[in-house]
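Note sheet for the following structure.
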Amino acid sequence: MTVEELARHLAVAFQEEGKREIRGIAALENAGPDELAYAEGERALSRAAVSLAGLILVPRGVTLPGRTTLAVSHPKLAFLQAAEILRPPEPQEEGVHPTAVVHAEAVLAAAVSVGPHAVIERRARVGAGTRIGAGVFLGEDAEVGSACVLYPRVTIYAGARLGNRVIIHAGAVVGSDGFGYVFADGRHHKFPQVGKVVIEDDVEIGGNTTIDRGSLGTTLIGEGTKIDNLVQIAHNVRIGRHTIIAAQTGISGSVEVGDYVVMGGQVGIGDHVRIGSRAILGGGAGVLPGKIVRPGTTVWGRPARRLNEFKRMYAHLSALPALAEKVKTLSQPSRRP
Amino acid sequence: MTVEELARHLAVAFQEEGKREIRGIAALENAGPDELAYAEGERALSRAAVSLAGLILVPRGVTLPGRTTLAVSHPKLAFLQAAEILRPPEPQEEGVHPTAVVHAEAVLAAAVSVGPHAVIERRARVGAGTRIGAGVFLGEDAEVGSACVLYPRVTIYAGARLGNRVIIHAGAVVGSDGFGYVFADGRHHKFPQVGKVVIEDDVEIGGNTTIDRGSLGTTLIGEGTKIDNLVQIAHNVRIGRHTIIAAQTGISGSVEVGDYVVMGGQVGIGDHVRIGSRAILGGGAGVLPGKIVRPGTTVWGRPARRLNEFKRMYAHLSALPALAEKVKTLSQPSRRP
Amino acid sequence: MTVEELARHLAVAFQEEGKREIRGIAALENAGPDELAYAEGERALSRAAVSLAGLILVPRGVTLPGRTTLAVSHPKLAFLQAAEILRPPEPQEEGVHPTAVVHAEAVLAAAVSVGPHAVIERRARVGAGTRIGAGVFLGEDAEVGSACVLYPRVTIYAGARLGNRVIIHAGAVVGSDGFGYVFADGRHHKFPQVGKVVIEDDVEIGGNTTIDRGSLGTTLIGEGTKIDNLVQIAHNVRIGRHTIIAAQTGISGSVEVGDYVVMGGQVGIGDHVRIGSRAILGGGAGVLPGKIVRPGTTVWGRPARRLNEFKRMYAHLSALPALAEKVKTLSQPSRRP
């Protein structure tokens, strides 16, 4: 595709060589003369000047003398749009691999691809254009929407429901039993884990992440929420829309999380916590059971506090040796008037 | 099943409509007129008054005027007993799926179910009534007891031994090599990881949890212990009976854990630690290598301390800005007599 | 194998019974009269005196009267060398299991073993003597070197490259998409995750660990590095050679780690951190985004500090109640002269 054509697709004007051929995308520092890169921020723009990239997406108002560029309002966003244009999804082999085991009562829509050794159980449903990877397990009555991608070895327990355009990476488990027992007679009796799990549209779930079904109610992951690798989401958790959950975070039972929340990695949230929309939880933050994190606030630390408060406390903690020294001086009788 | 029949099964008396038909279980807030719920504690009992549940399990001595109830000594426990009665385990398809690969020298007891694409290697043994899910791998000489459930994609390494009624969720790994090396000549040489792993009766293991075999000795999970998702249990760890280990907890090599211990989520335990029976480790607690947590104590924090001590320290930490201010005042010469 | 023969293999002299037959290895406390054990350190040597082991590796200069021993410079290292001699790798069934699905354009070298239900996609390459376990998935264009072991249910995404003698435990995922989005129009747009992942020679990767491919660049795990179970390694991370990463550690995007680094369990590292060679990160340490850990330093805590500094601060923290008491006393007017 030429620079001209790409500019037309993105509905922007190009600078310099419109006929140049662009074949792929790359980072600024590795891009070659037939590759597209982007530059956002001062440091990137100075590196752009010496990049070998054939075409660079730059912020509006920026020119790089002698370089072929497209000036756009949001270079990183334009970059991923261009990436989709330049790298059309490879033609997927449709159809069911002969080694897959698909129950006669399962329902597969048009243009579904089912990989080798996948298992699709009774009454499971798969929407149009969805790709079921090798060795995926789809339990009885499970539903997967259209245009989803389930990478190899994903396990979807019976009855789980996934929306459209859901992406699930290898080894993830959706719909396993929650962790609930009743203690009596010296042993733990398993509490029924018979609820639902619903994953809404446009959710992405990372590799080896686990999401339990509800015990009696429902575990819900809202539209557009993105979950990284090795995350644990317990039974009856309800997560809002467009929330970000980084790797190895653990969310205990019955937690409610709002929309547009951001959680760093290794966050831990006790049961029955409520996290308001647009709250930010710094990496490793720990929220005690039953607590409330107010909408829009940023918290950090274990136990988590408002960021300002945490920082102030932490600064005092760092100054503690000096403080102790001062108190020692003050309490020496000889130094007192 | 009618209220009358259920009451007879639980050996208790019913109040109000004995002929009412009950078909399933549900939470108090979602239950319909043909469903059973339970109410324990004041808040639940007040919600019970407005629940649509057809039948409610309540504590002895409680009556809900006009509502059909069963008064029992432990409503939550009775609820799960009733759940088992109301939801008999669905008739499992017995037999070996034609796509499963079962070695000629493997030994399968009666009424075993082996799912599609499962692999059972030489001399592996599976007890009566056990369900081996799709894509499960059972290595050479591995033993699984009777009435176990192995969900899809579980991997049991060669030689591992599981007792009876063990439940293992999707993606869990039992018997992998421990993490042990000897450093010499500028590189890490793998120490032999050839020990055993024994999972006793009635253990449940969560999704994508990993349990390493012993290096030379044995990794042991005691009877009735319940382990959540994404937990790591290293080589030579010995865990007692009826212990609870919540999600994402990590237990390092050669740790010994007693009976009836409770660990919150994301606990970390250094190697060679000893945790006494009935100890409680709060969520996120970290125990330093070689330490001892005494039986019956509750610890919290990183590094873990007795709960009282931790709380006192933490209160002082919160008061640190005020303390620093006070010291500042004290050290101002003008303020001193 | 006799004691004599083993001594010859290790090029050392034996004490006492050269003709004794040794059939296996064991820990000092469990070894029988036909087994080899090792004793290093005073405590082990005193236990060695009462061990039933048929042969004991001891440090040079040590004699155990009446016991058959081999005196070596590094008993633990000699033990693992002897273990390799005594337990030759069991003859592996070569060839491709009939249920494996190997693409016609995949390339398998000599003496490769491919287990049941493994899937090897188009143009994937497998080196000589490599064992591909049951249910392993090897994506298009993926490369695995020679003498590797991939345990069951490992997933290698398309295009990933593994060196020689790489060991990967069950359920691990290599080459999944990194966690990167661009926020615009109220939702998260997926940033291209099209980079590479390279695992060099002699790396070992634990069960259910996840390693993401680069977004545009490369995720690199250097030669001889050992990674435990349930570790998360994000996109564009570069890890040096012979580094040790214990279980449940998480490394965020674009982190650079040097050679011979040691990380304890549950370490968390923010994005763009640089960890110098031979640094040590204590268990549970957390390094803030963008920070630098200098070569050879030991850090601990969250946020991580130099070990000395952390210990001093922590001692002061423990003494905080006493300090507060002292300040209280100082500020009582009656107590002042």
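Chains here go by letter, A, B and C, matching the order in which they are written, and residues are numbered from 1 within each.
Keep in mind that, in the parts below, a residue touches a chain if its C-beta (ideal position, glycine included) is under 8 Å from a C-beta of that chain, and two chains touch if they have at least 3 such contacts.
Please read these numbers as outputs of a predicted model, since none were measured by experiment.
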Interface sides of chain A and chain B: same vs different residues, half threshold: different
To lay chain A over its twin chain C by CA atoms, how big a turn is needed, in degrees to the nearest 5? 120
Rounded to the nearest Å, the gap separating the Cα centres of chain A and chain B is 27
Residue numbers in chain A touching 2 or more other chains? 99, 117, 135, 153, 171, 208, 230, 248, 266, 302, 317, 320, 323, 327, 330, 336-337
Using the touch definition up top, name the residues of chain A that touch chain B in the complex. 99, 101, 117, 119, 135, 137, 153, 155, 157, 171, 173, 176-177, 179, 181-182, 184, 186-192, 194, 208, 210, 212, 216-217, 230, 232, 234, 248, 250, 252, 266, 268, 270, 286, 289, 302-303, 312-313, 316-317, 319-320, 323, 326-327, 329-330, 336-337
Chain A partner, complex, touching residues on chain B are 25-27, 30, 74, 76-77, 79-80, 83, 87, 97, 99, 115-117, 133-135, 151-153, 167, 169-171, 202, 204, 206-208, 224, 226, 228-230, 242, 244, 246-248, 264-266, 283-284, 302, 314, 317-318, 320-321, 323-324, 327, 330-331, 336-337
